[in-house]
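Each of the next two complexes has chain A plus one other chain: chain B in the first, chain C in the second.
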Partner chain A sequence: MAGDFFFAVGDVLSSETTYSSGWRLAVALGFVAVGEWIAERAGTINISVEGAMLAGAFAAAMGYDASGSVAVGLLIGAAAGLLVGAVQAHFSHNLTANQFVVGLTLNILVLGLASFLNSSLKPETATAHVFEVPGLVEIPLLGPALFGQPWPLYLLYPLVPLAWWLVYRTRWGLEVRAVGENPQAADVSSIDVNARRRQAVYIAGITSGLGGGYLLLGQVGWFEDAIVGGQGFIAIAAVIFGGWTLRGAMLGCLLFGSANSFRLSLPAVGHPLNSELLSSLPFVLTICVMALFAHRTREPQSLARPFIRGLR
Partner chain B sequence: MTGVDAGAGAGDVRYDRAREGATVLGIYLTSIAVALVVAALVLLATGGSWTSVLSALLDGSVRGPGRWGTTIGVAIPLLLVALGTIVNARAGLVNLGQEGQLFVGAAFGTYVATHIGAGGPGVLFLIMLAGVAGGAIWAGIAAVLRYQRRMPEVLTTLLLVFVASQAVGYGLKNKNLLLDPTPDQANRNLISERLRPDTRLPRLDWFGNEFPMTAFVALLMAVLVALVLRWTIVGFRLQMLGRGPRTAHRAGVSEARYGGLALVASGAFCGLAGAFMLAGGDFGNYRLTPNYPVNIGWEGLLVALVARNHPLVSIPVAFVFAGLRTGSGFLAATGVDRDITKVVQALLVLALLVPPAVLFVRNRRRALAAAAERV
Partner chain C sequence: MTSPAAELRGITKRFGAVVACDNVDLALQRGEIHGILGENGAGKSTLMKVLIGLVLPDAGAIRIDGEQRRIRDPAEAAELGIGMVHQHFSLVEPLTVWENVILGERTRLDAAAARRRVGEISERYGLAIDPDERISDLSAGLRQRVEIIKCLRRDPAIVILDEPTSVLTPGESEQLFEVLRLVVERENKAVALVSHKLDEVLAATDRITIMRAGAVVDRRETGDADAPGLARAMVGRPVSLRSAGAALGHIEGLEDGVAASEPEAGNGPEATGPPPVLSIRDARARGRDRRTLLDGLSLDVRPGEIVGVAGVEGNGQAALSDLLSSLLPLEGGTVRVRDERPLPGRPGAMAAAGVAVVPADRHESGCVLDMTVAENLTLVSPPRARTGRALLDSAGRAILDRTGRRAHAERLIEQFGIQTPGADAPMWSLSGGNQQRVVLARELSGDPAVLVAAQPTRGLDVGAIEYVSERLREAAADGVAVLLISTELEEVLDLADRIVVIFRGRIVGEMDRADLDVERLGLLMSGAQEAAAS
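Up next, the complex of A and B:
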């Protein structure tokens, strides 16, 4: 019995499709996590990335329907994500409304809007074409997963180092990190705390919208209300799981993405592993990691605390 | 001379207060109007007519025969979830896990109901108790993590929602947990056994409007929460914790005890809402199903937000939200998708977030200006 199970896991592990699908699922999370990581370094938690992702997916569908071009669809998706991010940013880091309440409401709003508009507009979409990077795609097992995918997936590859450079090697990034650690001190050094936070949230919105667009045009191919289905929340969990480092966040995305692909591929080889366990893994694991390593991970010290000058 | 001055001062104060009230009212009305205009624009953009939508909503929520009862049935869990959220919010905590706490409460209730094998008011009471326990335990996890490991309750409650839906989903696949064990079940749906008729909540029938008697329990709870928050020491300490944690600390209010109490109470209310939904008959026909909470948890949270954390105000708000929900079922005839009501709800909530923030910023700016004058 147990032997059978390990054979099944072995089968799954030795097939290229496992890696391909795991990587595809991880990349969808990765787009969101990159932006959310920057936003969390600035001291904000945007649960509206879920909504931004959905808005991005729907807008990408509309953009593709109107123009017939995947690139235009992705651009419009990113713009829709930015719009959601902008609403979140201005409500919570300009008007000082509670960021979680705003985020949750935005998620409900976007879900309602997207399914309402989808039922009346019904955009027609397709998936982007697969682009195989010559040479690299020949690598056994991992080649097709990393380099033989629909082309929007490759957008994440430059995005990750870009985010690293932005946060660790520019003045703006230094200010963002300062704002996340000690907004009072940043404020005294004439950094506009809430402006930096808003900008970080814009970026989270853009990458989430892009992630939604990729999900639609690079992976699923058509719009449905459940297309995002909590992946934004999983990406937030990945950022926390990764201890607020970019490396850790990406690792979290990879882990959670593969767990998801295992859930989908194990029944295919005749071994339905407990799928509830695998689906709840990202959340349980994140809670456990937070509880166990709370002292060791360095979270941004003012994470999720609003900044109002003169109030602490 | 002083008398004249005092008189003029009182007049000024009265005038200022009236003007202030008018401004506040104006800001609120403007925000709501903007939200409704945006909703109408969305509707127009897709070619719907807002008069027919409004009329369908009214038909579905109150005007149609027996619709009052249906709306009340939906309003009950909304109100309970909102009450829990209010207790929690007054203590300065943010619980985003209502949906999960409600689901776990309903699952605990189902487990007790299907495993006891007896009926009667005593068992019904046990089901309610199990619901309360389920919700309280689920929120209790977040409370323990908050006060033992300093993890923000916002995140843990939110993450636990997804764990809850998977955990209950697992229960619904196992016959010795929640799944209906009847062998000749028609299409192997993942649903629980139906509650025995003698473990269901009695339903009242007023002028053709049928609703469970828990409506009165919910109303009573709202009054109770208002009284406890207003007049008792526990309520006072909870709110002290919410308004000034440092003051509360100095005054000897244990953050872990009262904060934990608020979180667990909030979960207990959600669990009770779940048990009421299960035994009340307006949801799922006395069976637990996957995705049982159908957003009642999220919407209850929105009710508390719109009611600005006032227990008594949340009664009419819960009814209006329930009406939007029951009314949306009648939208099919107008050719408008029912999700428009979600858009309206969320826009209203967003609109109502603006005025307090604007007023806060305005008052601060004034206070700063006044302070600058004095120097």
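Up next, the complex of A and C:
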């Protein structure tokens, strides 16, 4: 039995489709994680990224249905994500409501709304065409995974260095980091703490919406209620796993994405492992990783704490 | 005569029913260091926050260079040439020196220019610092250097310093005052130095304004001022300088006081005294971020003595207090209380072994503000804690004995003279001094073997300080081993029979009250001894 399993693992590891699907799943997480990373650096654990992703996926479906263009679909998806982010930001950093309660409520609200609208509107969708980057796609094993994918996937490639530059090389990014660590210090240095925090949450909303749109138009091809199915939460876990560094967060996405693809490809190569059991793999991995790393890393010092002027 | 750099007229600010500033006038002249002296809560900080735009006054006017201005936030203050060196909350630890210095500016981020700017300022004022160092790696003295550079980077005409020496060693304080003198004489700036310490105001300023209960009670030229007169003005009644020393930070003359006062009978430990009741050996601990908190700390406290732990804030005082509150597990070393070896970090272990703690932060860990006085007094009834069955009381019941607890609480209110409308009044309705009495009453009511008092008088007025000091002395006289952890050197000098100095998580020196040497103490606190030894 164990031998069979290892043979199957070997098959999976030598198959190009494993890498392709792992990369695709990692990219879906990556879109969310890149924005969530910024939001967390500014001090928000933005759990409504799950909802923003779902809103993005559904809005992208509607946008594609209406226009027939993947680009328009993605744009509308990003806008829907921004809307969810804006609500989250307003409630948690204007009205200083508990950010988790707001996020939880938003997630449930979006799920209900998308499910209802989907059953009544039934948008017609398709997947974006595959674009093979000439030359690079020839790289053995990894080429097709990295450079032979539906084109929306490539949007993440410039997004990651852009986010890094924004956070580490601009004044806005410096203020975001300051606000997440010590909002009082930022305040006396005449920085508008809650404005920076809101802006960071907007960005998380946009990239999550884009991630949802990518999931629909670049990967799945049709809308279903379970299309996101906790991937937003896994992206949050990836940020934590990465110790609040961008590199670490992206590595986390790759790890969790691969785990996910593993569960998809093991049955495909004919191994009779229970797929329901396997579908819990990324979550089990997340919990293990959190147990190992939760105490090692340095989180932003005022993560998840609201800032009210005048109160210490 | 030219108009003052800043002039505040009739400033009034209320917070609810409390009047923080009551019709206050103040003029800051160029080329002068202006001391603003007062006890905690006298309204000094509020007044300065009005000038910097962090607090909006209810009434009054501000003139800058003779022109009336409204200052609504720190950015507006900065534009008018007002800068402030904040003591708390103003540096972001994980960021570097240069990142902190330029925080809040509006120009494009230019790391090279920022580094250059930090270099220029540090050279101009003799404030050496590496711009790429992270704040979290810097000592308190260096952090303040960064604060000052951050303030001076915009070349302000008016510089405000709020209690700048509370985390500095005596040597570092002197350096700071030299820089201030330079700023005033060479660049003709106006400096406001807010302090509750008599000696530094006397030593460093040209003019003194004394505040009490939100109002200005006296103004002097520093040359005409003397310590007893200032102390009287600050407190509002004649005080013995010795007892005021702890409150007002007056060290001068204290050595005489110490020499004159013989240790009270039975209060001083004999050379062959009783065995220690509290004995910490080679304690090592690290924080969650792997930073070393305790680095081989060893300490003994005998029954009936007060051991004072002196040191600059942030050298392991909090960790020591946490260790004795069962909040901090050790990586190595032992704690022995009488014949027991309570497991460090196990909830309630220290309390069960007979250690009572008055924590440094009353509101965070000393009491529950939203519960009543009676509930706070009986929150942990120590006899129960000692049974080790935390949810049962001494009679083995799991249900609260309401009448018994209430009677107990009322006894304590009477015994400790706690001023409260009643046992059922909410804790937050009490003054700071009375809240501290509640904490003391609760901790002492369980007949502890060891009493740990961390910053027991922080933020209290003189009367409350006298009371707390008296209670600590009484506890020692009753045979309790008292460990006083305080960053107020004067308080340690006033109370302790034996003084140990904590530096970077270990005890680096010790002296008996009889052979006190303030200079050596200062050197020990700054770690100079360590450096010389290694």
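By definition in this document, the second predicted complex is superposed on the first by the 286 of 312 C-alpha atoms of A that agree within 3 Å, B and C clash if a C-alpha of one lies under 4 Å from a C-alpha of the other, contacts with A are read in each partner's own complex, and residues count from 1 in each chain.
Rule of thumb we're sticking to: contacts are C-beta pairs under 8 Å (C-beta built on N, C-alpha and C of every residue); 3 or more make two chains touch, one makes a residue touch a chain.
The model shown is predicted, which means the values in this text are computed figures rather than measured ones.
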Contacts for A:A291 in the overlay, against chain B (first) and chain C (second): which applies, first, second, both or neither? first
Would you sort A:R177 into first (chain B), second (chain C), both or neither based on which partner it touches? second
Figure out whether A:Q301 sits in contact with chain B (first) or chain C (second), or with both, or with neither. second
Taking the superposition as given, does A:L111 touch the first partner, chain B, the second, chain C, both, or neither? first
Per the overlay, which chain contacts more chain A residues, chain B or chain C? B
Regarding the shared-chain residue A:A186, is it in contact with chain B (first), chain C (second), both, or neither? second
Which of chain B and chain C A:H129 touches, first, second, both or neither: neither
Chain A residues touched by both chain B and chain C? none
Any idea which chain C residues touch chain A in the complex? 54, 73-75, 78, 84, 86, 88-95, 99, 102-109, 150, 288-289
Chain B to chain A touching residues, read off their complex: 42, 46-48, 94, 96, 145, 149-152, 154-156, 158-160, 162-163, 166-167, 169-170, 173, 298, 301-302, 305, 336-337, 339-343, 345-347, 349-350, 353-354, 356-358, 360-361, 364
Spell out the part of chain A that touches chain C in their complex, as residue ranges. 169-171, 173-175, 177-178, 181-182, 184-186, 188-191, 295, 298, 301, 312
Write out the stretch or stretches of chain A touching chain B in their complex. 45, 47, 87, 91, 95-98, 100-102, 104-106, 108-109, 111-113, 115-117, 119-121, 230, 233, 237, 240, 274, 276-277, 279-280, 283-284, 286-287, 290-291, 294, 303-304, 308
